Each structure stands twice: as structure tokens, then as C-alpha cells.
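In the two complexes that follow, chain A is the common piece, with chain B as its partner first and chain C second.
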Partner chain A sequence: MLALIVMFFYIPVFLAFFWSFFLERPFGGGSEFVGFQNFRRVLSDQEFWRAMWRTLLFMVLAPGTAIGVSLVLALAADRGIRLSQPARNIIIWPKAIAGASIGLVFVFIFNPRLGLFAPLNDLFPGLWNPRIDGTDAYLTLLFAQVWNGIPFNFIILLSGLQTIPDSLTKAAAMDGAGPWRRIIDIQIPLLTPQLFLTFVLEFVGSVVEAFGLIDTMTEGGPGGATTLLVYKIYVDGFKAYDLSGAATQTALLMTAVAIMVALQFRLEKRVKYER
Partner chain B sequence: MTSTRLAPAAAIALAATAIPAPAADIEFWYGNTGRIETAIQSACTAFNESQSAHKVVCVGQGGYEAGMQKAIAAFRSRQHPVLIQFFDAGTLDLMLSDAVVPVQEAMPDVDWGDYINGARSYYETSTGELFSQPYNGSTLVFYARTDELAKIGVTEIPQTWEAVIETARLLKNSGHDCPFASDAHPWRVLEQFSARHGVAIASNSNGYGGLDAEYTFNGGLVAQHLNNLAEWRQEGLVLLDQDTAAGKYNRAFNAGECAMMEASTGSYAAAYTAHGENVAISMAPMYEGVERRNTLIGGGSIWIMKGHDDEDVDAARAFLDFLRKEDTQIEFTRATGYMPVTKSALTRLENSGEMGDLVFATVELGVSSLNQPGNADSKGIRLGFYVQFRDIFKEETQKAFNGDQTMQEALDNAKRRGDELLRRFEQTYQGATLP
Partner chain C sequence: MAERTKIVIENLSKKFGNVEAISSLSATFDACAFTVILGPSGCGKSTLLHVIAGLETASAGKIFFEDREVQNLPARERGCAMVFQDYALYPHMNVEDNIGYALKLAKVPKTERRERIGRVAEVTGLLSVLKRRPSQLSGGQRQRVAIARAIVREPRVLLFDEPFSNLDAQLRHDMRRELAELHQRIGATSVFVTHDQIEAMTMADKILVISNGKIEQFGTPDEVYHAPESTFVAGFIGSPPMNLISGTGDGGAFKLRDGNVLSACGWNGPVVLGIRPELINVERQGSIALKVRYCEKLGSHSIITAELADGQPIRLTTPLGSSAEPGSEMRVNFPAKQLHWFDSESGEVISRRSKGMES
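== the complex of A and B ==
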């Protein structure tokens, strides 16, 4: 097991950092040590910062929305309103669909001529076209990512809600607290461990998992509007044989994600696990 | 040292020695899929059945780019095949890779002069030595639907951009929604355009003269053409992929949405299936007053990779000889719509009386387009990290088509970013000389 982790995780990570200090020829044979030149180049490249900015925006919007929506759904399902039982079941299903398949389906759903918004385009021509408009494409991608994240978050949050002792909510209700009050003062505070878990997972997922969606839905376009850093690295390294550039960006992305996860875990110290 | 620490080293050592290929079998990796893959496989079978000394195992890699990625990984771990097909845009990366043996060096006895000019110049060195064996060759041509043109009284296929646009205006005015379709891919609007107009997209004759080339397409005729395309698109005369209902220019043409398009000779079969005798093709349009030069060959060529023993290289030679045979080429053309790449195969095809057959409809036109008199700037593209540059070009021009920047800004940006790539390529291959 350890050997596998070393082979498939630590060695690649090490190589990425190693290559980021070299100019590496694709077929090998003649790599040149260039110190921090790759970093200087990448860090002064506008395209890198644009991709980084898109990634950061995505890292905030996708987890935020996915967890927000899941929380609403979980709270509703937890209240035992009508149809909450079948809903608990049905909402889980999308989890079983691979990112690439979701991408294909959403391309069709958001097709400007055949999809959901086609009638809208008939009324206001040019209103919705993710093939031309970068913002539309970004929204489509965001929507797919959120949709992809909801089932898992939902089940975690719902199970968290169900472990909150009945006696607490009942006592609050007897004291005259309405449903909203109970959500804000009891359920959400007691749900912080689950919220934290989903947030960390969604956060990392929004960097890594978005790849499958981008590759099937937009291939980074139009005009680079959906080129998140993870996709840029793939294109630079695998399509363009720029191993050094891709390695440098990987090193930077890994560092950025590591810093952010570290920050999250500092935040985690405030999470109370005991009830 | 504990055994857990040893385990990874052992695992790596094991992985490195795994999968030894039997001595007599050699592998050929290719990127094509679908109909073309079937044709490649039947050529392999035919070769294996025609003799017993060698056996070639042909392995599809699911795409040109995927094939190149796998070849790089395989070469770095010494698991690479003897023969591999690469696509046009990767030519310089391979020439400098030190991973291949030039075919002309490996097989000095072959009459390499038999290859048609357009196929040769793309894959030969500055001294005229062929580096790889041209295999599946295509080029850019112009497609029009005669029935649609007849409706507006146009009976001649337009030969110039001026005529194309005039026709497009007539179509537009008669209510046609998609007069002309393209995808503005650099292969079409940059490489093939500049070659046949005899202008360079980069200094040093597109890099043939050395690695210190710089992009120049942001001025002159190429820039003019791209600015025109953007204007024509505004006017509704030219539609790009994203403007069509079909989502792709050639599908839009085949579906009857568009009346004209610029596309590869390889698109003919599908277009004919869709529209029958109403599809007409001619050489890609020129601007008036510019002398027509050759178009560039698209598709792929076959390279011999280094690091194999003589026996394997012998097998590779035999297979390349087989693929070069006139009959093999004609069969391949029949099955795929690609063009024969040697003069003798062309002559054989002409003499067979089959040239009039529909399956060979693009051959005469495509070959004569490739064989137009060339100049120093129409030989091909020899620029580093060119695959990455194509993506940059697409990204920047796409922004211009979307209205985020002007076309001139897009071209200037693409030039700037492209030059950065060229400088990095030059530095990566410091000390290497351009063959």
C-alpha cells in the first residue's frame, strides 16, 4: 500500500517540483537547469493569472452554491414534510454519474438551439449561447459542478441533521422557537462538523473534478473563458508537450490548494464535535 | 533500511522490465479512428499475410495527440514502438527529439523523389532529406452546393475570395442563413491560407531557416484576411461552428444548413453521402491578383523510432516498403479518401481508368493543389510548440469573433504569446541544430 502511494502520489509530486526547475524536452535527453526561471515566466504570464482567478472564483462559487442548496434540501427532507422520504432516495442518484457523462448531458441541456433555453433565445436572440459567450459557458460549467456535488453533500448533511437529538428541538419548540429560529440557533451550529467536511471536500473537488466537465463541455473555451488552472495544466503538458511549464503550474496549484486547506483546518479548530 | 522502504524501488524496477515484445513482432502506433482505422488495420493484415518473415502489430491510440502523448511516455520508459504515425503539427518537436531516425537515412535505396512535392516539403530537412514517410495525406479544398448556387443564378464555383463573398451576399439576400461555413481553425485560416498565397506566418520561412524565427502573421495579407473574416461574420456571410445549428461547420454543410465551406479533402465522402451530385469541389479560394502556390499536406506521416535492434528495423523497412507500394496506396485511398502520396501511385491510378470513380473524386484536385508551384514560404510550418500555438491562436481569435477584442488585438496577442513559445522552444533545444 505504502509502495503504491509512493509510486502514484509522492513520486509524481516530487517530479512536478523537480521539473519546475528545469527546461525539459518532451522526449527526454537534455534537460537544462534554469533555477526559478519557469516560475518567473509563469508568474508573469497573464494567462496563468486569468486561469488562477477563474479557478479561485470557481472554488468559492461552486462549493458555496452546492452546499447552500444541499443544506436547504437536507433541512427540508429532515423536517419530514410530504414526499421527503422518496426525495431522500432520489436526490442521491446523480452521485452515480461520472463527471464526463454529466458534461455531455449538460451540453445538450444548455444547447442554445435545442436545449432548455432555446425558447428564450427565440424571444431574445443571442441571449444565451455558451458556445460564444464566455460568461454563459462559465455558468454552465458552474451549474454542472454544483449539480454534481449536491447528492453527496445532501446525504452528509441529512445524516448530520438526523443525529441532532430530538430533545433539543422539542425543548426549543416548547420554549416558543419557530422553525427558522431552530434552524439558525440549533441545527446549523450543531451541523458544523458536517458542513466543514463537505466544504473541504467540495473545495478540493472544485479544483480537481472540474476537469472532466471542462473537457467534455467546453474544452476551456470559448476564448479560454472556462480554462481553469487544472485544465490549462493538462493542455500545456499533454497537448503542447510543455512539461516544464505544466510542472511549474502544478507545483503552484498544489501549493495554493495546500495553503487553503491549511487555512481551512485552522478554521476547523473552532468546529465543535461534541454535543 | 526496512523492507517497506525497499518496496517502491523494487516495484519500479519490476515495472521497467515488464512487457518484453517478442523479437520478430514489431509495433506500429497510429492515431486515426473509424473508417480510417479499419483501412490501416486491413493494410496491416495484408502485410502480415503477404510474407512470413515479419509481423507488424498495429495499435490504435485513439487520436493523433493521444498517440503523441503515449509515445513520449513510452519513449521515456524505453517501451516505444518501432513505427509511429504522427500528425503534421508535431513535425518539429519530433525532428529535434533525437528519438527518431530519418527514413531517408534508414532506407537510402528508396526513390524518395517519387513523393509529390507538397508531401515532401512538409517532412523534409533543410537539405532536402525526407525525415518521415508521408502516409495519410489530405489538403484544404473548397466545397459548394451547386443546387443552392443555381437558385441565385451562380453556375461557376467561385475561385476567389471576392467571388465567394459576392456569392455569399447573393445567398444572404435571397434569404439563405448560412452562405459560407468555417471553424476558423488555424490549419484552415492561417497555415493553408498563407501557404497558397505564398506568404509566411513567421520569419525564417516559417522556421525552416532556424529556431530564432518570429511570428509575422499579424500584418499583411493574413491579417487582412482574418479581419475580413471577422467583418464577413458580422455581416452574416461567414458562419463559424458556434453560429450554426449543427454546431460544427462540416456537419452544418452536410445537414444542408450551409451552402459553401472550406474543408479537408477527407470531408468529401460524408458531403457526397449527404448531397450526392450537388456537391462540387475546387481549389481553396485566393485573393485576386495573388499568384496561387501549393497548399500544405495535412494528415500524418510515419516515423522510425530509435533504440531498436536491426531485426526490428528490418521489419519496419519491409512494412514501409509495403505501404509505399502503388497498390497499397490506391487501396488506402479507396477506403479512406486520403490521397496517394507518390507520383508513381498517381500514374498507376490514372492509367487504371478508375480516376473518374467517385471514391477518387478528390485525388486529382487535391494533388494538383499540393503540386502548385511553391516558394520558400509555402513549404510548411517548422515552428516549435506549434500545437500549443494553435490553441493560443484559436483562443485569441475566438475572443475577437466574440467581440471581446478587435481582430488586430487578437493577432497581436497571438503573435506575442506565440513568440514567447518560440523563445522557450529555442532555449529548451539549446545546442540542437535544425536538421
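== the complex of A and C ==
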């Protein structure tokens, strides 16, 4: 187990950092130590910063929306509203669908002429077209990512809600709290561990898993509007054969994600409590 | 301190699907009294409490707090407070916030809130732990926080749902005394649910014994102990409970199935005789022969389990020092004044039955 982790996780991570200090020849045949030259080159590239900014925005919007929607669904299912039993099952199914398939489906759903918004385009021509409009493309990508994340978050949050003892909610009701106050004062604070877990996973997922979606849906376009950093690394490395540049960007991306996850863990220590 | 509120329950029913947890129950809990609802697990006692509190809705019937009809009001408009079996303290709040949560929701200003929390914490001995989280408290302290949280609002009605069942025996004893004192001081109408008859006997002004969602008896601890109205109450109260012996009244004598006469009897036909284990006299010339099966020595007294001539079990307690060997014979007498008679079918006490049955 440990050997596998080392082989498939730690060694690649280490190599990415290692290569970022070398200039690699595109068709093999040796490399040359260049110090921080790769970093200087990448950091002064406007395209890198644009991709970074898009990635950061994505890292905030996708987890936020995915967890927000899942929380509402989980709270509804926990209260046992009508049809919550069948809904519970149905919501979980999409978890079994691969990112690439989701991408393909959403390409159809958001197709300007065949999809969901086709009638809207008939009324206002040119209102919705993810193939031309960068914002539309970004929203499509965001939507697919959020949709992809809901099943897992829903399960985690619902099971979290169900571990909160019934008597706590009843006690709050006796203390005079209505349903909304109970959600805000009791259920959400007690759901912090699960919220934290889903947030960290969604956060990392929004960087990593988005690749499959971008590749099938937009290929980074139009005009680079959906080129997140992961996709840029892939294009630079495997299409443009700038191996050193790709390794450098990988190192930077990993560092950024690591710092943010570390910050989240710092935050979690503050809100931790024992049941 | 609290307003005088009597609780009147009229024909209250509660169904869960097809299962009737409470069936057409009527009772009046006096203002400022400490009423204990006693019954075995699954008898509907907690359900009854939750319906009074407003945590469950009644299927039928009415509940009045004094003159106000409350059965359709949500819990927070009824003005009751409740202490839960597992305390139900909010784990993410410290003791002070736990106690003050209801006041905060009621928009009591902060300074007054502080003052009231302080007062209640003093009464319950929690002043030194106000800043701690529930997880840092002992079981007894958590129990006190739960009680403090309930009384800080000065509720008209205080409800207790088996609050002491998670405490060890010593602590339970102390908490019983503390709660009784607290009740004297606060004077809120209190309803206390328990399956522990010692809690019921020691704390109650009146005990409501229920089984299968129906009232078996509603009376003072003395009445429930000395004048049980049914075989259920007789067999539930007391440790060990009353002996219930079935036999037949025939020509002025109570006979077992094998014809042995146990005592005189004023009724004819099948009947159940009840006698408390501690009131059976062990006498060398006793008229009733028993075969000893088992003897539990408890120090202050011994409990002997024996068999009557026809094999029915009977238990008696004997004073300090006396004991009996399993397998041996002993002779006892039933004092005539201590006998209770019950209908063999309905289980009701016979003195309530029409006089026409008497011979």
C-alpha cells in the first residue's frame, strides 16, 4: 500500500518539482539545469495569470454552489418532506457517471440550437451560445461541475444531519426556536465536520476533476475562456511540448492548492468541538 | 414565582399509523403539583409528555393549561420547558449559552440575561463551570445544566422525560433530593415521566400509573401503594411487587385449584387475591404451607421465592437474619386485613365491583 502511494503519488509530485528547475528537450535527449528560469518565464506570462484567475474563481464558485445546493437538499430530505425517500435514491445515481460522460451530456443540454435554452434563443437570437460566448461557456462548465458534485455532498451532509440527536432539535423547539432558527443555530454548527470535509474535497476536485469536463465540453475555448490551469498544463505539456513549463505550472498549482487546504485545516481547528 | 397553571387533559388520543399509543386519556394535573407518570417502557408515558409539550400532535382530544386550549399550539407558544433523558445539551455552546439560549430567542436584553443565568447557575451549583462546554462536564453537572436550562425561563409547566435514567444510583439519589427541593422553591406545575417506582414514590404528589396508553390508577403514592385499583398496579408497584394468586371463592373460602384453602373470602367464583410480600407472617403454626425455591439475602432483609401447594409462585420478605434453605418447607399466615381482591378477568379491584356479586 505504502509502496503504491509512494510510486504513484509522492514520486510524481517530487518529479514535478524536480523538473521545474530543468529545461527539458521536447523530443528527449537530455536536460539542463536552469535554476528559477522556468518560474521567471511562467510567472511573467499573461496567459498563466489569466488561467490562474479563472481557476481561483472556479475554486470558489463550484464548491460554494455545489455545497449550498446539496445542503438545501439534505436539510429537506432530513426533515422528511414528501417524496424525500425516492429523491434520496435518485440524487445519488449521478455519482456513478464519469466526468467525460457528464461533459458530453451537458454539451447537448446546453447546445444553443438543440438544448434547453434553444427556445430562449428563438426569442432573443444570440442570447445563449457557449461556443462563441466565453461567459456562457464558463457557466456551462460550472454547471456541469456543480451537478457532478451534488450526489456525494448530499450523501455526506444528509448522513451528518442524521447523526444529530433528535432530542437536540426537540430541545431547541422547546427553547422557542422555529425551524429556521434550528437550522442556523443547531443543525449547521453541528454539521461543521461534514461541511468541512465536503468543502476540502470539492475544493481539490474543482481543480483536478474539471479537466475531464473541459476536455469533452469546451477544450479550453472559446478564446481560452474555459482554460483553467489544469487544462493549460495539459495543452502546454502534451500539445505544445513545453515540458518544463508544464512541470513548473504543476508545481505552482500544487503549491497553491496545498496552501489553501492547509489554511482550511487551520480554520477547522477553531470550529472543532466534541459531541 | 411561576403562574399557577393546572393541566387538564380531555379524551386525549395519539396514534402512530395504526398503533394507538394513548387512547382516550383524561386527567387533571393540579397547579404547582409534582405529578409523576409511571409505567413500563412502551406504555405511552413519554408520548403523553411529548404531546403535552407540543413535540407531537394529538390525534384527538384536548389539552388545557389553566383555561387556555393548547393542543394545536406549537411547542414554543405553550410556555413549557422540558428536561430530556439524554440531557440534549447543545455541544457547540458553553454552559452559559446553553442555559441562555431560550432567553436569547425570547430577545431578553443581554444584561438581564446574564443576571438570570447567574441566578439559576447559583441555584443549581454551576457558577464555576459556566464557560465550559458540555463535553467537559460530569454526568451530574450535565443533568444540572439541563435542569437550569429548563427553569431559567420561569416556565409555567416543567416537563421531565426520564431525566435520571443515565445517572448512577448514588447520583440519582442526590438528584432526586435536589429536584424535590428545587420544586418547592420554583413551584411550577411539574410532570415527571419515569419507569422507576422509587423516583415516583419519593418525589410525587400524585402518581399517574399507565399501561398500554390507558390510565390504571391516578392517586397519591400512599393510595397507589396501599390501595391498588388493578392487578397491573399491584404487580408493578413495590419491590418485590404484590403477590397475585388466582383461585376460586367458594362457600366463604378462597381455594386454590387443588382445593387447598388459603383464607376466608367474601366472593364466589374465580378471583385474584393480592398480598404484599412484606405483610406475610411467617409462623410455625401457619395455616399455609410453602415450598422454598430460592432465597435472596439483601442484608437488611431477605426475599424468599416459594411455591404454593398448586405450584403458583409467591414471594415474601423476612426480617434481618432469618432465611430459608431452598427445598425446605415453611408455614405462613395471611393477615385478613391486608388482603386485596381483584376480578380475575378485568383485573380491577373488586370493592369497586357491583355489590350484587357479594355472597
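Brief remarks on what is shown
What we mean here is this: the second predicted complex is superposed on the first by the 274 of 275 C-alpha atoms of A that agree within 3 Å, B and C clash if a C-alpha of one lies under 4 Å from a C-alpha of the other, contacts with A are read in each partner's own complex, and residues count from 1 in each chain.
By our rule, a contact is a pair of C-beta atoms (placed from the backbone, for glycine too) under 8 Å apart; a residue touches a chain by one contact, two chains touch by 3 or more.
Please read these numbers as outputs of a predicted model, since none were measured by experiment.
When the two complexes are overlaid on chain A, chain B and chain C sit side by side with no clash. Look at A:Y241: by the touch rule set out above, it reaches chain B but stays clear of chain C. Looking at the shared chain after the overlay, A:I186 reaches chain C, while chain B stays out of its contact range.
Ranking chain B and chain C by residues of chain A touched puts B first. When both complexes are overlaid on chain A, the residue A:P165 reaches chain C alone and has no touch with chain B.
Residue contacts after overlaying the shared chain place A:A3 against chain B, while chain C stays out of touching range.
In the superposition on chain A, contact of A:G134 is made with chain B only, not with chain C. Within the superposed three-chain model, A:A173 lies in touch with chain C and out of touch with chain B [touch as defined at top].
Closest CA pair between chain B and chain C after superposition: 42 Å apart. No residue of chain A touches both chain B in one complex and chain C in the other.
Those residues of chain A that touch chain B in the shared complex are 2-3, 6-7, 11, 23-30, 32, 34, 41, 47, 111, 113, 129, 131-134, 220-224, 227, 235-236, 238-242, 244-245. Interface of chain B with chain A (complex): residues 4, 7-8, 10-12, 65, 68-69, 72, 75-76, 93, 96-99, 241-243, 245, 247, 385, 387-388, 391, 394-396, 398-399, 401-402, 404, 417, 420, 424, 427-432. Taken together, the chain C residues at the contact with chain A in this complex read 53-55, 74-76, 80-82, 84-86, 88-92, 101-102, 105-106, 133, 135, 149. Those residues of chain A whose C-beta lies close enough to touch chain C in the complex are 165, 167-168, 170-178, 181, 185-186, 189-190, 192, 273-275.
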